[in-house]
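The structures come next, written out as structure tokens.
First subunit A sits with subunit B, and in the next complex the same chain sits with subunit C.
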Partner chain A sequence: MIAEGAETVVEIAELSRRFGRTVALDGVSLDVPRGVVFGLVGENGAGKTTLIKHILGLLKAETGTVRVFGLDPVRDPVKVLAQVGYLSEDRDLPDWLRIDELLRYLRAFYPTWDDNLAEELRQKFDLDPSARIKTLSQGQRARTGLLAALAYRPDLLVLDEPSTGLDPIVRREILAAIIRTIAEEGRTVLFSSHLLDEVERVSDHVALIDHGKIVLCDPLDAIKAAHRRLTLRFDEPLSRPPALLGTSRWEGIGHEWTTVCRGSIEEIHGRVTGVGARIVEEHTPSLDEIFVARVGSQQPAGVEA
Partner chain B sequence: MRTPALAIGWAIWVQHRRGLAGCALALLVMAVADPILFALTRSPAVVITSTVPLAGVYFVILNSLLVVEDAGSLSSRSPKHRFVLPVRTHTLVFWPMLYGWIAAGLLWLVTAGLIHWSSGFQTPLLLPALGMATLMVWMQAVSWLPIPNIWLRDTMTIVVLGPLAALPVWLTYSGLTSPALVAALLIGYSAMAYPLGLIAVGSDRRGEVWRVVPGSTNREGSATTSTPSQGRRPFRSAGEAQFWFEWRCHGLVLPGLVGLLSLVFTLLLTEIAFTAPRPFKPIFFLFLTMLVLMPVFLAGSVGPAMGLLAPPFGVNSRRFITFVAIRPMTSGGVVAAKLRMAIVSVMLTWAVVAIVVAVWMVIAGRALGFWALARALFQPYANPRGLALVLPGAFLLLALTWKQLTSGFACGLSGRRWIADIVALAHFAIVTGLVAAGFWLVNHPEVLPRIVSILPYLVVCAAILKGAVAIVTFWAALRGGLITGSTVGSVLAIWLALSACAFACVQLVSSTTPPAFSKPILLLCILAFMPLSRFALAPLALDWNRHR
Partner chain C sequence: MRIHISPNDGVPIYLQIVNQVKYLFASGRLSAGEELPPIRVLAEQLIVNPNTVARAYRELERAGLVEKRRTAGTYVSNTGSPLALSERRKIVTERVDGLLAEARQLGIGVDQVVELIVQRNRAMQRLEGGESS
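And now, the complex of A and B:
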């Protein structure tokens, strides 16, 4: 949920999109407030890239609306794109240019282009300006794309799977630091990833997308506070997972069963007592555990709240 | 799939099944229609026209069987995804080559057996079939070579394949050897393509690149001390940057092609000038005419590829859109940069032609006398009407080249393969129809006056259609904010100026020979011919591609 009065950078309402028979986005509504790091997580093919492409105006909304800085990115691409930095999943860069030529070209489009920042990032990323893009390794391409997206200090930075191709050092130390710095400057970062530990490390807000639908969208702290990982012990062994409100996925056998449950601690305790079990272990789940619990496809029978 | 061989064959079929099925259908139609057609008439017009769809079928089938990364591209090398398959390089080379060899040979046999022979043309079977099969495997081998430079590859192809192909052709037509020996030679050629393919794919599989000049081998951790864009003036505007981008992608394509072909013509001309017996003058003027027409025709050929947002070689141009699409620039701005690039490219092309003409004058001067040649060339224009014609005429020639070059922009910018295919098919059908109609008219000159009499109506219809398309496209582009009112005004002014210029030229020419049509019809004809809709259609196409 977005706090009252918070300025939203991206507003999406009831956005749907089909590709042939496939429903890529199904009534997605989403608000991204200014100055946050917004993580978009979901399985492969869940609709993350499609959503991002709508934000950039690369795809036109079939139904619903998309507003970025209050503008329609399809009708006002120039005003919107001047404030958006984008690193695509495919790292679309012109192979036939050199890195210095690429930067010279891009510089002309952005009045806010910062030569010092570009040079600082280039050195940090260890990129040779005379190198032709087609000769770069996957990691170097990712870093070049990141440099191209950052050097004009965009108000909204959109990163589609930014970690792909980046080594752990760059990913943990540089990318995370950059993302945090941008957010601290009051700018906004929207990034998609399926590396949930990374999302958990840097995000303020998280939206979980599954089969084109937003199944969870809240500040990370609120999401974690609203879930508990429990191990329950039953007096009698159970042959199938117990029915407990707020759970959908169980692991275990016989007397002991483990799950991630939604709700406040008091509510959960009440429900557990109601099914004749006692809690033997309880802790705050990781985002990874919440993700698996919410969208895990191989679900044993249980009760979906 | 039970074996890699079957899997490779199946993959070729799956990737190209529509094209191959279409070709099979076309061959069947021709097998039924051609014998009926040739039973009625065997005029050269019909014979020549009937080969045009056949050429299309050959083009599609041979391209499908290349087995390359980017279907139909002679420079895209062997498909990368196959390199990781747990099979030996022999398997990756042998089976595609065998399939290509058999299919190309069979294609000729089917064509000859089902179409030529049943139509009463006893075309030879064995040698052309072997020739086709050999050509196929050599095309495969050459297209798999890991040579990054397209020009080098093409030059090498001409240098290597030209003499190789010439030998069996010469042996066949000279009658110096028996057909069996020529067949053996072709089989030997086919066998020679295999080791070349093996070396090419093996080398590419190991990640090697064959360079004439060693390029920068960029590695992680390379020394990096210089500043980005160091020493280069920043672009003053986004429009200037986009123009530079377009120039890097396409600017030298047309001048380069014209220069390359001119070089071939220059070598031929030099050879003729220094060795051939007289008369040299008609040959020189024929070459000169071809040189002057060359930019216009080549511009029409390369135009659709120049409509894309990436260079025509080495990258999957049609998919490369996101990088440009996310820049804060209107679609109209991107198109304007492209159109400006086309203007400069055309001017450079004609500068190349002018230099070539000067060189030819020097070469031809040896045979004809330089001043005599200059007089022959320029004397017809050494009068007020001639001088008045030269300047607008030259201007119109440039404009015509630009028109041809930009005619495919909207198609390319739409990013839709199916549109490109439909347009190509339509052009193909129109050319086939015109060739057929032309030949038919030669044999039926009595119909010509009737056709001339209905031409004015056709011109009026074309002008009305053009006007309607222009109104709709400009209205849509204006409504979408892709172009501004002032742009429309400028475009209309240029369009009218060009039309007036063309009209003046026609008037000057027709002052000596009476025109076939009235002045209003001539004017309408010119207005219909001058480019207009593309100024709105191209931004609309790009916008359609940019916001899918």
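And now, the complex of A and C:
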């Protein structure tokens, strides 16, 4: 059962994890509030899947704590997993089963399994019950995995890179399923993706993870409001990017240089006019642009490939 | 109701919805008393977060363009006309600003722009008149 008054579905504090000498997660703290779509973004190998595996109790915290519905997913896997729907990145399903066999198998595990919903989704996704999972296309496989994760109406839906390798139609179906889930009062979605425009469309909250560290974790609106995309025009042409505004990521040539930076526009204005430049263009950047700016600027030193 | 969202154009998604609903209304493609799609339906159709659609609807309600009715539906207000005029002017103003900026870049003065507008208007009226007769 859900802990009393728990408005935070997932609570992670100071979580670190090593695989051999590689630091996969480094002091990660984040909270996933109830009823939101929480987007987890980061490059391949940044730690997204490792983080998700801790939430599901598939990995035990080395240091730090993980709580899902107020419970430790490693100590209480049955209680936690009964309320969590999960679609893994490689959509691992038992290949030797037929779709109807898989569904019969799963419904035995979940007291909240909803036959009507399962059948509705099966028809919607156009899945043949007698098809063997081994023979399914990538798209059909993803749909089957999604059906299996949704049919017991979990309070938390966790999707690891749900769009990878899928055509736009299946991608759209998966995103629509995320939206349908969240539209039902009190349910929560956590999904990881490297498709930033997708994350920007559907997320309330976004966490950006880079080399095992959380770089940003806020409501999407706040993230967008805290960043500006600027083009500066300098009185004199520059032969190299300006050393300004705390960012090394500049694009441009000669008089005009563009960057994404943090801070209020008044503050930026002050700093820019001091060095003989003026702002000629100013926008709210897309999440994609913020991602590139923030992940890039984290990399100057100490990172081994 | 046809709305198109582009997450990368720098305008927040809720504002894209607000602007396009206003535009649809101002251009007569949404009329007074018409029901807007329920939040979940539009969210699923546009593939955007339902809270984003809810925010857009709240914004439209605050602007007096739509109203919530007891049955929980959202409808285009009947009292929309004075607002519609200001909204219509706003849309045209944005276009005029763009036109003026471009004309200045190309070295065409305001007088010439005005002259061109009058000329084009005459040409269009001729065309429309020709068609209807």
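As a working rule, the second predicted complex is superposed on the first by the 279 of 305 C-alpha atoms of A that agree within 3 Å, B and C clash if a C-alpha of one lies under 4 Å from a C-alpha of the other, contacts with A are read in each partner's own complex, and residues count from 1 in each chain.
In the analysis below, contacts are C-beta pairs under 8 Å (C-beta built on N, C-alpha and C of every residue); 3 or more make two chains touch, one makes a residue touch a chain.
Just so it is clear, the model here is predicted, and its values are computed rather than measured.
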Partner chain in contact with A:Arg201 - subunit B first, subunit C second, else both or neither: second
Partner chain in contact with A:Gly254 - subunit B first, subunit C second, else both or neither: neither
Touched partner set for A:Ala176, first subunit B, second subunit C, both or neither: second
First (subunit B), second (subunit C), both or neither touched by A:Gly70: neither
Which partner, subunit B or subunit C, touches more subunit A residues: B
First (subunit B), second (subunit C), both or neither touched by A:Ser286: second
First (subunit B), second (subunit C), both or neither touched by A:Gly45: neither
Which of subunit B and subunit C A:Val37 touches, first, second, both or neither: second
First (subunit B), second (subunit C), both or neither touched by A:Gly274: neither
Subunit A partner contacts - residues on subunit B that touch it in the complex: 215-218, 220-224, 226-230, 232, 234-238, 240-241, 244-245, 248-249, 310-311, 314-315, 320, 322-323, 325-330, 481, 546-548
Partner subunit B, residues of subunit A touching it in the complex: 56-60, 74-75, 77-82, 84, 86, 88, 90, 92-97, 99-101, 103-110, 115, 118-119, 122-123, 126-132, 134-137, 139-140
Residues of subunit C touching subunit A in the complex: 5, 7-13, 39-40, 43-44, 46-51
Contacting residues of subunit A [partner subunit C, same complex]: 37, 172, 175-176, 179-180, 182-183, 197, 200-204, 221, 224, 229, 283-288
